[in-house]
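Per-chain numbering from 1; labels A, B, C, D and E assigned in written order.
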Amino acid sequence: MITGVSIYELLTVTSILFFIGVYGFMTRKNLISILISIELILNASVINFVVINKYLYPDMLQGVIFSLFIIAVAAAETALAVSIIINLYRQISSVEVKDTEIMKY
Amino acid sequence: MNFSNFLLMRHEILLLAIILILLIGEIFIRVEKKSSIIHLAIFLFGIHTVIGFFTIEERSLFGGMFRTNTMIHFFKNVLNIGVLILLLQSADWLKAKIFSENKGSEFFILLFSSLLGMYFMMSSGDFLMFYLGLELSTLPVAALAAFETAKRISSEAGIKLILSAALASGVSLFGISMLYATSGSIYFDSITELITSSNLTLLGMVLFFAGLAFKISLVPFHFWTADVYEGAPISIASYLSVISKGAAVFILMILLFTVLKPLMHVWDNMVYVIAIATMFMGNLFALRQQNMKRFLAFSSIAQAGFILLGLITGSQLGTATIVYFVMIYIFSNLAAFGVVQAISLQTGKEKMNDYEGLYRTNPNLSLIMMLALFSLAGIPPLAGFFGKFFLFTAAASKGYYLLVFLAVVNVTISLYYYLLVVRAMFLRKSENPIPYFKNTLYMRLGLIIAFVGILVIGLYSPLYDYIYQLSSVFN
Amino acid sequence: MNIALNITKTIQDWLVSFMPESVSSIAAMVLVALMYLVIFAVAGLYLVLLERRVAAWFQLRIGPNRVGPLGLFQTMADALKLVSKELTGTVKADKFLYNLAPYFVIISSLMALAIFPFTQGFQAFDINIGIFFLIAISSIGVIGILLGGWSSNNKFALIGAMRSGVQTISYELSIGLSLLTMVLLTGTLQLSQIVEIQKNGWLIVQGHIPALIAFMIYMIAGTAETNRAPFDMVEAESELGAGFHTEYSGMKFAYFFLAEFINMFIIAAIATTIFFGAWLSPFGITQSIPWLGVFWFLGKTLILVFLMMWFRWTFPRLRVDQLLTLEWKYLLPINLVNIVVMAIIVWLNITINL
Amino acid sequence: MGSEAIIVFFIAGVVLVAGANFLSNLISHKSDNLQKREPYESGMVTKGPTWVQFKVGYYLFAILFLIFDVEVAFLVPWAVVFKDVGFVALIEVVIFLLILGLGLLYAWKKGALKWE
Amino acid sequence: MDILSLFVAVPVITILALVFSKGLKQARLIAMVGSFVQLGMAINLVFAYFKERVVNNDIMVFTKDLVWFKQFNIHYSIGVDGISVALLVLTSIVVLAGVFISWKMKDLPKEFFVSLIVLSTGVYGFFISIDLFTMFVFYEIAVIPMYLLIGIWGSGPKEYSAMKLTLMLMGASAVLLIGILGIYFNSNADGGPLTFNILEIAQVNIPVEAQKLFFPLTFIGFAVIGALFPFHTWSPDGHASAPTAVSMLHAGVLMKLGGYGVFRVAMFLLPEGTLHWSWFFIILSAIGVIYGAFAAIKQTDLKYINAYSSVSHLGMVLFALLMLNKTAWNGAILQSLSHGFMTALFFALIGMIYQRTNTRDITKLGGLLKVIPFISVIYVIAGLASLGLPGFSGFVAEMNIFVGAFQHDDMFYRVATIISVSAIVVTAVYVLRVVGIMLMGPVKNNDFLELPKATWFEKTGILLLLIPIVWIGVAPLWLSDMILASLEPFIKGVL
């Protein structure tokens, strides 16, 4: 818990982070940027869990443990996504979204 | 700690053991003999499926993180059978295309890992286990979707799948964190007691819904479906549309019917709208598809819309009909995908036009395909009819006649495009039809099991009674 | 002398006696930060000197001896020279990242330095996840190196940075795992408590065989982590010019240089804290005089630093593949087994407690 | 000082670097010519772009690192409470490490650890 | 196995036998034997029914009830009354005739007969079920083989017609499904369990609001297959494109499902709804009667003529049913039967003519009476029956309908009746027009002079259909009695 900072400010920050992530996911044209946007979303959730745990329910550790697992999963997710992106890059020499749309309509 | 508790996790432990055995096999078997792993995997999984049928007691483990009961157990068995059929159907493809690149065992390992994730997801007693299960069931599939590394669309499918999956799970997580904030627990049981209908809870629920809506490919989150199905190997498309969707529907149902039951007055409206949107979107887009995989993708979106009709009831009737429908759907869709797979493997043709005159050269395949499609469309006496009828009955039991009407209109629309395939196979004659070919034993076995399922499940009513009786645990 | 647990608190208490509380806390922070900056600079400079003297000693030379008595001001002069040099950079560089890289390197090592218990109570902050924090913060340094190498837009620099990246991340595993082995013994991550536990005997004694293995792995991995010989492919002069900092000049080069030596100090200091009882004197001989802890701490640390310098002038440089083989095929499996062995020892309670 | 110390030290680091840079800019002698600003590659003229696709081996090691680093994240809490939990924790970690070890072995056999 | 379940079992066995058969000869033999057995069973059923009626005064006899899906209270529940028995006999005769007509089926004969028998299974099942769910199942089973039958073995724009037919009928079943579910969920209005059983629901007083809501749904759902006016468009196209046997079965039997379903389900279970809505559907069906007749005049394609005539005739069935009195109802049932035989006969003859001349355009035909006398004579007889000449079944049916309809002293009913009656005149016009152009006069095309005579299997098929027409026309009373006796519960329930 940080003295002088209430839970509202922290949750506002995480919400902003979350929506930056969603916005980035929608608007970005580069696969890596999209991936980073997703990381933002996940991190917003992680912070959310920790903050809620610390401020509201300090006697249990559920939120903190949850965040630990989210981090692990996010790592796996990113590793996998980047490998697929690399594989794609080897074929089309690009990581732009517009180049990945041969399947359409 | 009592180690006999682990016996309750029989499915999970056995599957994990199989994964490890295959991993060891992959490490130590020489490259020339690698293809024997196919037989090993199918054999082991067959044993696993059989063992799964032994009864199990009802308990929860790890302080409520993991729970099991007869319904969950039953559904795991259903998924097992589905995966077994899938394995049988994809054995040839693996042998021909994948083992030559020396990555066949990875296919099994990843597939089983994903299935393991689904087990955990279905057995989860808290949101942590649920989340881990969800991710474990999604991530390997993304790898599998990109499995044919030499094909560009395969990679595209993989990246689309994983990016959408990650977004959905992220959004879902954010929702879970809100539920956690209002209830102070991530355990389902405690949440059920503590949950109140505050704005934050509702927001949390809606966000949470997104994660599973993605897996079931409900409408705002269906964009990935067609592309991924088209790009991914057929086995994986089949897996995504059948097993993955089935498991997600199941857990969504459990969560809505137990944990989020106090909020039912909110989510039933949501489900109502999404159901209509999903059915229409899926069906209308399916009308103009030419690629069989895309076609089945949109068809499966539409089917997901039908499933929501059972979800909206929030009653035991809903549970039973959903499980029943999903089971039937698994068999029907597997049969359809099996035929597509067989043809694609032999001739590389996946377009609807290529199927013209199929009946005259391959009567058995086209017969199975036709019955599978009719089952999907809901034509008696095939199983699909009963599944759909009961879903509609369930929805009508709550007075949603308009919804049922729209759904039945959609059944008619869907019949149109299913008949397009039947038309190509039966009505048309082709200059250049797909030549006659003989399927291998595995493929035939896979198709026959699915075929028998389609024919029998609907007519054999004790099965439904059994499901209904099981479904009382969630209400 | 009775010193409170934490040095900042001591300073703050002292400050409160003559200024308002709100100002005092800020002043205390500034003071502490300044103090550590000084320590940072001095330690960095004199470690460079030490390195040169040790090198000379190994090669039967005298080493720097002109500037100041015994050449003590040599590195000071070097530093002054570096400050007065022009900060150049290439036109092709990614300016922002190029300038950002030194910050990462410096901040990470500065932060790591902050949590060591130099003696009882002499600790900038005593975080309860101390070891975890150390592992985490030391990973950040590599980002600086990668950024520097990449943004220079120079092939040598890039290759150096990539090598550094793969090497650092590989050996970081071993560092983490071997420290973890010792955490099994202590059951806590807080450095002050770890020291407290070592009053029953240094951990390397308590954990005997597996602790010894862990220590050896730690020292190898630590040497690699700091990109020092024999693991200095990063800046292998004969291959890559100067590696990742080829394009850096003047002060900017000095940061990397400084950080490397501070990191060496940090590695040694961690080893001291975890394996050799930090500021504790052998058998508690100087327990009555807490300030002597600084002497013990620095003494042990410098011995370990000397050990690392010894490596440098003893072993030939490894190839990249040898380096990775060493880590992934030897150190990591040994480490994993070692953890289990340690767990069994702790479980059976056959540790040595004096 | 609690967790604020992290911020203080962060600021201190920034001040150190920025201050020294400033000082250096202030007192250093400056001269400019074009060649000086070329990348230094042992006196040769740079050919082609530097930022090209890199050897995939680095990426493989990065992934392996990720796996084991995350593993460490799980082992840390385990190590802290190991003394209190005892035997069950030992069994669990053996299973955990076994699976990880199998993963390492797999990577080994697949040639991911080979640097060519 | 009881006498009624055999009607489902025998076709299923036939199908299984067909699946394992090879070639045209085996297939048609199996199909013929199967259909013969069915005909025998149907005739046996008639006698058994009379015997049973003496001792058993229930609404349905030979009932059998097996629980199927316990949770929904779905039963496999079967039973027959006089109406069903008559329709079963009709079905079995038409199926057998259809098999004979398709004796020379060349393309995929096995599949053809399988589809045909599947269709007949559905129809049999529909007529014997007294459970709404079972009924619905059999209804759909009967509809879906039409797609393949028309699509594969049809002629002309067969794909379009097949798709249109299937989709319209399936769309109708969509509406019907809502109706059935509505009835089901209101079947506990008196406090009993929810049930699909028609007889049990008939005892329940379904709330009037629900009846008003669900009657049109149920009615339209069934009436579409009975070619109710705005929803009839599938019928001419479907008939025109279908192969002969399918046209026969379709017009002769399948369309009867509509009238039967309307009567048995919509009107029987929702009497208040019937009263509330009957004016609307009377208008629709009267329009259908007139429209069908006039449309038939304009057509030159034989099949289209017959198809529109079917629309007209079946409109009359619906019209009579909505008249809500005993005589009209009796007429409606008789009309169903009569039309079933007649149209089947027509289509069989058209098929034969088409097979020989390769055209169905009446303007290109002429003087066929000289060339193929047997077929032509029968065609004339069928035409006369169609326009309601006394001595044939058509007369008996239409007489009953109009007498019954005119019994209403309300102006609306009388006007509607008069309008419908005028359709008879129009019928005479188009029947005689065809006879005049096609059969009389000079032979227009010299190729036609060498046309082959009717073969033995064609004759058998024709006679199978012709005998009942004459029989009903000459001796209608036994049939009338059987139907009238069965109408009693309806009269009690609806009127």
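In this section, contacts are C-beta pairs under 8 Å (C-beta built on N, C-alpha and C of every residue); 3 or more make two chains touch, one makes a residue touch a chain.
Here is each chain with its UniProt name: A = NADH-quinone oxidoreductase subunit K; B = NADH-quinone oxidoreductase subunit N; C = NADH-quinone oxidoreductase subunit H; D = NADH-quinone oxidoreductase subunit A; E = NADH-quinone oxidoreductase subunit M.
Source: prediction; values computed, not measured.
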item	value
Chains touching both chain A and chain D	B
Smallest count of steps, each to a touching chain, taking chain B to chain C	2
Chain nearest the overall C-alpha centroid of the shown protein atoms	B
Chain pair showing more contacts of the two, C-D and B-D	C-D
Chain whose Cα centroid lies at the greatest distance from that of chain D	E
Far-end chain from chain B, centres as C-alpha averages	C
Interchain centroid distance [CA atoms averaged], chain A/chain B, Å	26
For chain A paired with chain E, centre-to-centre distance based on mean C-alpha positions, whole Å	65
Whole-Å separation of chain centres (CA-atom averages), chain D against chain E	81
Cα-centroid distance, chain C relative to chain E, in whole angstrom	94
Contacts with two or more other chains, residues of chain B listed in rising order	none
Interchain contacts (touch definition) - all pairs	A-B, A-D, B-D, B-E, C-D
Chain D residues within the chain A interface of the complex	3, 53, 56, 59, 62-63, 66-67, 69-70, 73-74, 77
Of chain E, residues touching chain B in the complex	68-72, 74, 133, 136-138, 140-141, 144, 147-148, 151-152, 158-159, 162-163, 166-167, 170-171, 174-175, 177-178, 181-182, 184-185
Chain C to chain D touching residues, read off their complex	6, 8-9, 12, 28-29, 32-34, 36-37, 40, 82-92, 102-103, 106-107, 110-111, 114, 124-125, 127, 131-132, 135, 150, 152-156, 158, 162, 165-166, 169-170, 172-173, 176-177, 180, 183-184, 187-189, 241, 246-247, 250-252, 254-255, 320-321, 324-325, 328-329, 332-333, 336, 339-340, 343-344, 346-347
Residue numbers on chain D that touch chain C, as the complex places them	1-6, 8-14, 16-17, 20-21, 23-25, 27-31, 36-42, 46, 50-51, 54-55, 57-58, 61-62, 64-65, 68-69, 72, 75-76, 79-84, 86-87, 89-90, 93-94, 97, 100-101, 104, 108, 113-116
Residues of chain B that touch chain A when the two form their complex	127-128, 131-132, 135, 139, 142-143, 146, 149, 152-153, 155-156, 158-160, 162-163, 166-167, 170-171, 173-174, 176-178, 180-181, 184-186, 226-227, 230-231, 288, 294
